[in-house]
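Below, chain A partners chain B and then partners chain C, in two separate complexes.
Entry: the complex of A and B
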């Protein structure tokens, strides 16, 4: 069995000597002008423990230092090198295009939490006095209107936050949760040399909105800008797919 | 790089910037990212509750969709007082039954929440 960490470019340049999962050394499996980074496995069951997840991340980060990396989601196991090469063959065009997209770029994450000025009753259940069907239904109508107003307010502010830093990114996207209080989770594909500017912009954002709870992390491999999905073909064999998510800006 | 020279992971190296109480954020991240039952707990003892969570989440999704549809109709003025009463009573009963099932399987409201992407949260 082999474990797959990433698809990389520049296969002729030796990859950093890194210890992967189960203490096995990583290796590059070249296909045309790209390569799969793998390590041998003696088991098919890789537990998603904290140590294993960080080990997977460490391999990716070592690779990121001098080449483009398409990170594969934790847990991709192939029966042998041939089955991994078959996926490389099948998905070559996608992989090559995505490596070009992320070349010289890293992912930065931004999470923001703020108070909802319109939040009156976080309780989504009907009021106690909604004793009959009509009162219940009208109570639900009122709460739905409140939620709609809160959503619009949160979306407008999320656009302000996201917009102020997304202009520094080549691709970006975010998800917003409105309840119980607005929570934004954004991902930004940023040129390596623009990371410092991005950080400054986040600091400006923080000083403009001092009540905002903010967390900016990175640089990460571009996890949010490639979408890994494990599927099975009609014979039940596992296939590993990497697909671009593209920009998910709203 | 988030790793020291000895290969140990140092998460703080990944911190670009922070403001405010990160504990609030940590609670929220856990809640949001753990909301969706991605996998059923297949332990013999937990499998019943895992399945119940999945099934009740789907029922709750349908109940919410029906209720929102009813709200839309009420807001458009297309529903008589009598119909509002009937709809309300039906949804009330459905909700009471759901509360009972949640109690039986020791599930909380937030256990059945779903992030519906652009549509927002289920609950």
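Entry: the complex of A and C
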């Protein structure tokens, strides 16, 4: 049984000696000019505990230091090397293309929370007994308009925030949640040498908008940029938008 | 550990969960993993980060992804 962490390039260069899940040393399983990073498993009972999740992440971060890494979602377990190689064969073109896309780049995350001035406006509840149909409908219309206005305002501000840092990234995307309070969760694929500039820009944002609560995390392996998920996910009131930004993508 | 350091640490964990369970290359392995512990990690975070109202939503997305993966596998 083997656990698979990542797909990497430069298979001829030895991978850093790291301990993976269950205390087992990691190894590279080469296929053509790429490789899968694996470790043997003695149990099928791998669980998504905090420790195991960080262990998986640590293996990826060690690999990131000297090569391109496609992080694999937690929980890829194969019966043997042959079974893992079959997947490498099947998806080789996709993996090779993505390794090229993310080469020399890391992912940075940004969470931004801010106050929504319209949200705090008192909600004039019509009293239960004195409400006629017309007043009720007008009230419904007013609430709907308020929500619409809040959404537009949040979207405009999100574009401002996202736009000012997305220009430093080769690709980027974000989700926006409007209620109960506006919340932006963004991901940015940034060249290694641009990481410091990116962080600087986040600090500039923080000082420009003192009421904005910002948290920049990373560098992460490029989790958000390896599936080519260009779809717009409109679940509830959030959107996940990925788009190439900047002039030098690819 | 100060409260703010603890909070940052947990937000980093939230960012990790958001990525490691919901994003990344999806490989359909031969065996599926237990989803139960993910619930525990997210629930623990929900208690610690009660002001971050998105934990529940992200947990929902991650569980959905895992359940879909399990259904496919």
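To be clear about the criterion, the second predicted complex is superposed on the first by the 205 of 250 C-alpha atoms of A that agree within 3 Å, B and C clash if a C-alpha of one lies under 4 Å from a C-alpha of the other, contacts with A are read in each partner's own complex, and residues count from 1 in each chain.
In this section, a residue touches a chain if its C-beta (ideal position, glycine included) is under 8 Å from a C-beta of that chain, and two chains touch if they have at least 3 such contacts.
A quick note: this is a predicted structure, and the numbers were derived from the prediction, not measured.
A.B. asks: Quick one: classify A:57 as touching chain B (first), chain C (second), both or neither.
C.D. replies: In the superposition, A:57 contacts both chain B and chain C.
A.B. asks: Looking at A:183, would you say it contacts chain B, chain C, both, or neither? Reply first, second, both or neither.
C.D. replies: Both partners.
A.B. asks: Just chain B (first), just chain C (second), both, or neither: which does A:42 touch?
C.D. replies: A:42 sits against neither chain B nor chain C.
A.B. asks: With the two complexes superposed on chain A, say which partner A:65 touches: chain B (first), chain C (second), both, or neither.
C.D. replies: In the superposition, A:65 touches chain B alone.
A.B. asks: Does the superposition put A:215 against chain B (first), chain C (second), both, or neither?
C.D. replies: Both partners, chain B and chain C.
A.B. asks: Taking the superposition as given, does A:12 touch the first partner, chain B, the second, chain C, both, or neither?
C.D. replies: neither
A.B. asks: Mind working out whether A:202 is in touch with chain B, chain C, both or neither, as first, second, both or neither?
C.D. replies: Touch status of A:202: first partner only.
A.B. asks: Based on the superposed arrangement, let me know which partner A:132 touches: chain B (first), chain C (second), both, or neither?
C.D. replies: After superposing on A, A:132 lies in contact with chain B but is clear of chain C.
A.B. asks: Take the contacts of chain A with chain B and those with chain C, and give the residues found in both.
C.D. replies: Shared contact residues on chain A (touching chain B in one complex, chain C in the other): 54, 57, 111, 113, 177, 181, 183, 185, 215, 217, 220.
A.B. asks: Where on chain A does chain B make contact in their complex?
C.D. replies: Those residues of chain A that touch chain B are 19, 54, 57-58, 61, 65, 108, 111, 113, 124-126, 130, 132-138, 140-141, 144, 151, 175, 177-179, 181, 183, 185, 195, 198-199, 202-203, 206, 210-218, 220, 250.
A.B. asks: Which stretch or stretches of chain B touch chain A in the complex?
C.D. replies: Touch residues, chain B against chain A: 1-3, 7, 9, 14-22, 24-25, 28-29, 32, 67-68, 70-71, 74-75, 81, 84-92, 95, 109, 115, 117-118, 120-121, 123.
A.B. asks: Using the touch definition up top, name the residues of chain C that touch chain A in the complex.
C.D. replies: Against chain A, chain C makes touches at 8, 11-13, 15-38, 40-41, 44, 52-54, 57, 61, 65-66, 69.
A.B. asks: Can you list the residues on chain A that touch chain C in the complex?
C.D. replies: Result: residues 1, 4, 7, 44-50, 53-54, 56-57, 70-79, 83, 87, 95, 98, 107, 109, 111, 113, 177, 180-181, 183, 185, 215, 217, 220-221, 223-224, 226-227, 235-236, 238 of chain A touch chain C.
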